[in-house]
Amino acid sequence: MSMAEAIESFLPDGSTVALGVALEPLIPFAAGHEIIRQRRDDLNLVGPISDSLFDQLIGAGCVRRVTAAWVGNVSEGLGHCYRRACEQAIPRTLEVRDHSNFSISLALWAAAWSVPYLPTRTLLGSDILRTNPDLSVVGELAHVDAVRPDAAIVHVQRADEQGRAHAWGPLGITEEAGLAADRVIVSCEELVDAEVTLSDPNRILFPETKVVAVVHEPGGAHPSPVQGYFKRDHAFYRDYAEHSRSREGFEAWLHEWVLDVPDRATYLQRIDVESLRVKEHRASAPADFGFE
Amino acid sequence: MSEPAARYTAQELMVAVASREIRDGDLVFVGMRLPVLAYAVARNSHAPNARGLFEVGLMRDRPASAFLGTMGDPPNVTGALWATRMSNAMALMAQGNVDLGFIGGAEVDRFGNLNTSYVGDPSRPNVKLPGSGGGADIAILSRRWVTLMGHERRRLVDRVSFITSPGYGDGSPGWRKRSGLLGGGPVAIITTLGVLRFPEGGGEAILESVHPGHDLREVLDNTGWDLGVSASVKETPAPTDPELEAIRRFDPEGFWTRS
Amino acid sequence: MSMAEAIESFLPDGSTVALGVALEPLIPFAAGHEIIRQRRDDLNLVGPISDSLFDQLIGAGCVRRVTAAWVGNVSEGLGHCYRRACEQAIPRTLEVRDHSNFSISLALWAAAWSVPYLPTRTLLGSDILRTNPDLSVVGELAHVDAVRPDAAIVHVQRADEQGRAHAWGPLGITEEAGLAADRVIVSCEELVDAEVTLSDPNRILFPETKVVAVVHEPGGAHPSPVQGYFKRDHAFYRDYAEHSRSREGFEAWLHEWVLDVPDRATYLQRIDVESLRVKEHRASAPADFGFE
Amino acid sequence: MSEPAARYTAQELMVAVASREIRDGDLVFVGMRLPVLAYAVARNSHAPNARGLFEVGLMRDRPASAFLGTMGDPPNVTGALWATRMSNAMALMAQGNVDLGFIGGAEVDRFGNLNTSYVGDPSRPNVKLPGSGGGADIAILSRRWVTLMGHERRRLVDRVSFITSPGYGDGSPGWRKRSGLLGGGPVAIITTLGVLRFPEGGGEAILESVHPGHDLREVLDNTGWDLGVSASVKETPAPTDPELEAIRRFDPEGFWTRS
């Protein structure tokens, strides 16, 4: 399935969607850019830190609410579109539901386990408790209300057609996001045979019953890193930060890199992919799944 | 900047000072940017047994072997002791297993409360800052923590308007315990001009040292409250050659320390 | 470190200890038998289903309390020592804190996250809520109080001297048991170099900061299965079930297989290990942890 | 036992009957023993798209390729679609993703409540049974469930003294909903003598069919309450040859079905 078909079919306007759930690596930028090209509206973005993908979706006007711990550009600092939306309602008003990294994870575990909330010892003493209606203090504990995404979108190293996804490296809140979501859209560097994914069922991220689309999208996480495949493109983040300082600069950047680009393959032709590609391979020791 | 700047930058000094907060054997919750370098410096000098825990879901017992733009960059994963979920890293901190945490701040006040959320009315802020990230979690759950920031009057304020990551709240004795916070709270504020330290048991930060090339007046003029000064206030020891060598090995292009 | 040293050093009388946390596979029988040989007393056993290890520890008189979802012999049925203890206080009185499989997992997650309880929608309508003081109903939810083991003991396929353990196959409640416990004792089929475990940090079960002992104990899970190494010895479970029907039969079995056996190596000499060994190997597809 | 026993055992019939409860496309929470075989039979006949979920932490889309003494045996892991934590399997069930569950029972009552914990006073029981395992979770959270047991007067009782896994509680309309139970409850009790089925929306089990070689009187005499009988009570269809063939392929030595 193409990314365009996946977003068209499984991410309607108004969706609550979890993105960037592995934090800095494996951010599904290709999916995010397709969301922008299809001019999705009224989205509720859910995630821990997002590293500029949220900023782009907000600047493009796709977002009604952000439910996150941090929105900006990790190596560069502030998210300029996020600031303009919160401070000046440009391009539209934005509702913010602040979380901490721990609490957004708990909000997703609550949804995964079908409970209305989970209690925690974090957030106590923080004013986040005052501004986010999904958080409260009961006795000596904070209660974090469940956040159930309609969809979670993840980029992984490899997956098969049936939706069995293998990802490695730090996983952030990937697992709880996928379990909490009604449906999962997977984009992958490599589309592999089931014999590859099933050779290591412990590395399969989600039950296939959650996965509604698998998109073969090499380079779909650029400029974020993909262990074993791509390094992080620090300069690209810096370039985005500079262009997005002004609304006009952002609009120009958005046209150049998203709106006037038909698909990810074309996007990659404009990047020095080879300089980013991981070339020294380090294979993990195999696990023996023999049984007889 | 004055003479010492020739040997090192303000950021390099901050990293060196931050690294000295790490004790051997500590489990350090390493935040982004300068703290990543501070862990690398400490691990290569006085704290060979310090481990780093990263909220992205990693534990390490040595610095990454290549430059890191973020804690999730591939060099930080290769050779990691544990690649897991964020909630598992947070579990260790909630259990009191994290000895020291680092938090970056936009605004800090005399009681060590950090604001990284809103300047002005949260419903229509003058400035929307990125938010907590793991900051609130570290501030509440780690045994002790340190923050680093540029020393400006608009950043070191009397009281922050919004507490993202709590220090000692209103500064009254026992505020953290009364509020149910598990961790110990902030121990120091490391700035571009000096080091502010909190008394045992918390309270109000006082000036412990002034960085080489700067003076007391400059520090006081750039602090938004009537900053207390330690009777034994001294000059911050400059970065040693080994410290600078380590910093420049892990930040070869000065991405973090020469910009 | 030997199993005898590990139990001697890290499992004092009165400990709350989690065992058999992967359910039917990877049960640390060698550790359990050493606990019996060292005549540990007043233990509080924590686990999901235990598959006859708990029955043996109870029959040997090591146990004051059981906090579990199920105690018996999975392929054979009832646990006869468990019955004698509960029904006739033989060899001593036993306190039982009944859980369901889901609730014992939640009790450990509560401890791992340092909260006094976790809420759940399971257990509602079950009388387990009436008999276990660690469970309660608050509003429309059941509250499961935290259970914090002093120690968790796990058997894994491989580990290094520093405590980095690799296990694969279904994990049951292994992860939360290790995170909730103050300390973890690991026994392993293979003691490997750190380069093997660190080649795949995603497969490392626990932070090494939790692990206090690594024991190289091949066959340490017999008669339970070890993926890639040993099949389950069904006949051994049946033999245990038959002998343990009577107290005398159990005592005889305990002498033959535990008390009169100095260590695991000797125990294995009495078993047809080759007939149980997995001989057809199935290596998992490697993951690439390269970065440059 | 009478004539049909020559062709199949009581356990083989129970497996065949249980397999017919599985619908194509179901996600089945597979309990130990006979249900493992029932899933295998269904998957190889009328439910090629049924998946199995195992509380140990596994999902499969086909039976294991060798005999299973427990759901955690190595053959059940090789080729699994997911090897994970129990709490993740339970999460799917809590979300209503599990269509059908199987629970083994020691005692069941007219309202489908199961006791696998205590016979007599829990503080000093006459019989201590193994406990819930995942039974209570399945009974409360799965969309519908079935239990299998030997048909004896002491097992099929008017009211169980201890509810480990709730069916329809006191049998009053809406008991499950009022008690906050998410799942739909039991649909059938499959015994060695017949099949008892619950009405839509729950309540009291009534006799739906009597197994070949047994008669209504035998069923009623061995049931601990005045069992209602369906107006359309019939003989349970015997296992087909393909069903028996599948059962014997997955239980070649009759470990579960000929002991």
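In this document, chain identifiers A, B, C and D correspond to the written order of the chains, with residue numbering beginning at 1 in each.
Rule of thumb we're sticking to: a contact is a pair of C-beta atoms (placed from the backbone, for glycine too) under 8 Å apart; a residue touches a chain by one contact, two chains touch by 3 or more.
Note that the structure is a prediction, hence the values are computed from the model and not measured.
The chains touching chain B as well as chain C are A. A comparison of the A-B and A-D interfaces places the larger number of contacting C-beta pairs at A-B. Of all the chains, the one whose CA centre sits at the greatest distance from that of chain B is D.
Centre to centre, using the average C-alpha position, chain C and chain D are separated by 27 Å. In terms of their C-alpha centroids, the spacing between chain A and chain C amounts to 37 Å.
Between chain A and chain D the centroid-to-centroid distance comes to 41 Å (mean Cα coordinates, whole Å). Each of the following residues of chain A touches two or more other chains: 106, 113-115, 120-121, 141, 168-169, 171, 175, 202, 227-228, 231, 278, 282, 289-292.
Counting only residues that touch two or more partner chains, chain D has 58, 73-74, 77-78, 80, 83-84, 87, 90, 94, 182. Shown here, the protein chains touch in an arrangement that is not a line, ring, star or fully connected set.
By the document's touch criterion, interfaces exist between A-B, A-C, A-D, B-C, C-D.
Partner chain C is touched in their complex by these residues of chain B: 27, 51, 53, 58-59, 66, 73-75, 77-84, 87-88, 90-92, 94-97, 182. Across the complex, chain C meets chain B through its residues 112-115, 164, 175, 179, 198, 201-202, 204, 206-209, 289-292. Across the interface of their complex, chain D is touched by residues 22-25, 48-49, 51, 68-72, 74-75, 77-79, 82-83, 86-87, 96, 98-103, 105-106, 109, 120-128, 131, 140-141, 168-176, 225, 227-228, 231-232, 234, 237, 278, 282 of chain C. Chain A makes touch with chain C in their complex at residues 106, 113-121, 141, 157, 166, 168-169, 171, 192, 196-197, 199-200, 202-203, 227-229, 231, 278-292. For chain B in complex with chain A, the residues that touch the partner chain are 32, 54-58, 69-74, 77-78, 80, 83-87, 90, 94, 117-118, 122, 124-137, 139-141, 162-166, 169, 176, 179-182, 255.
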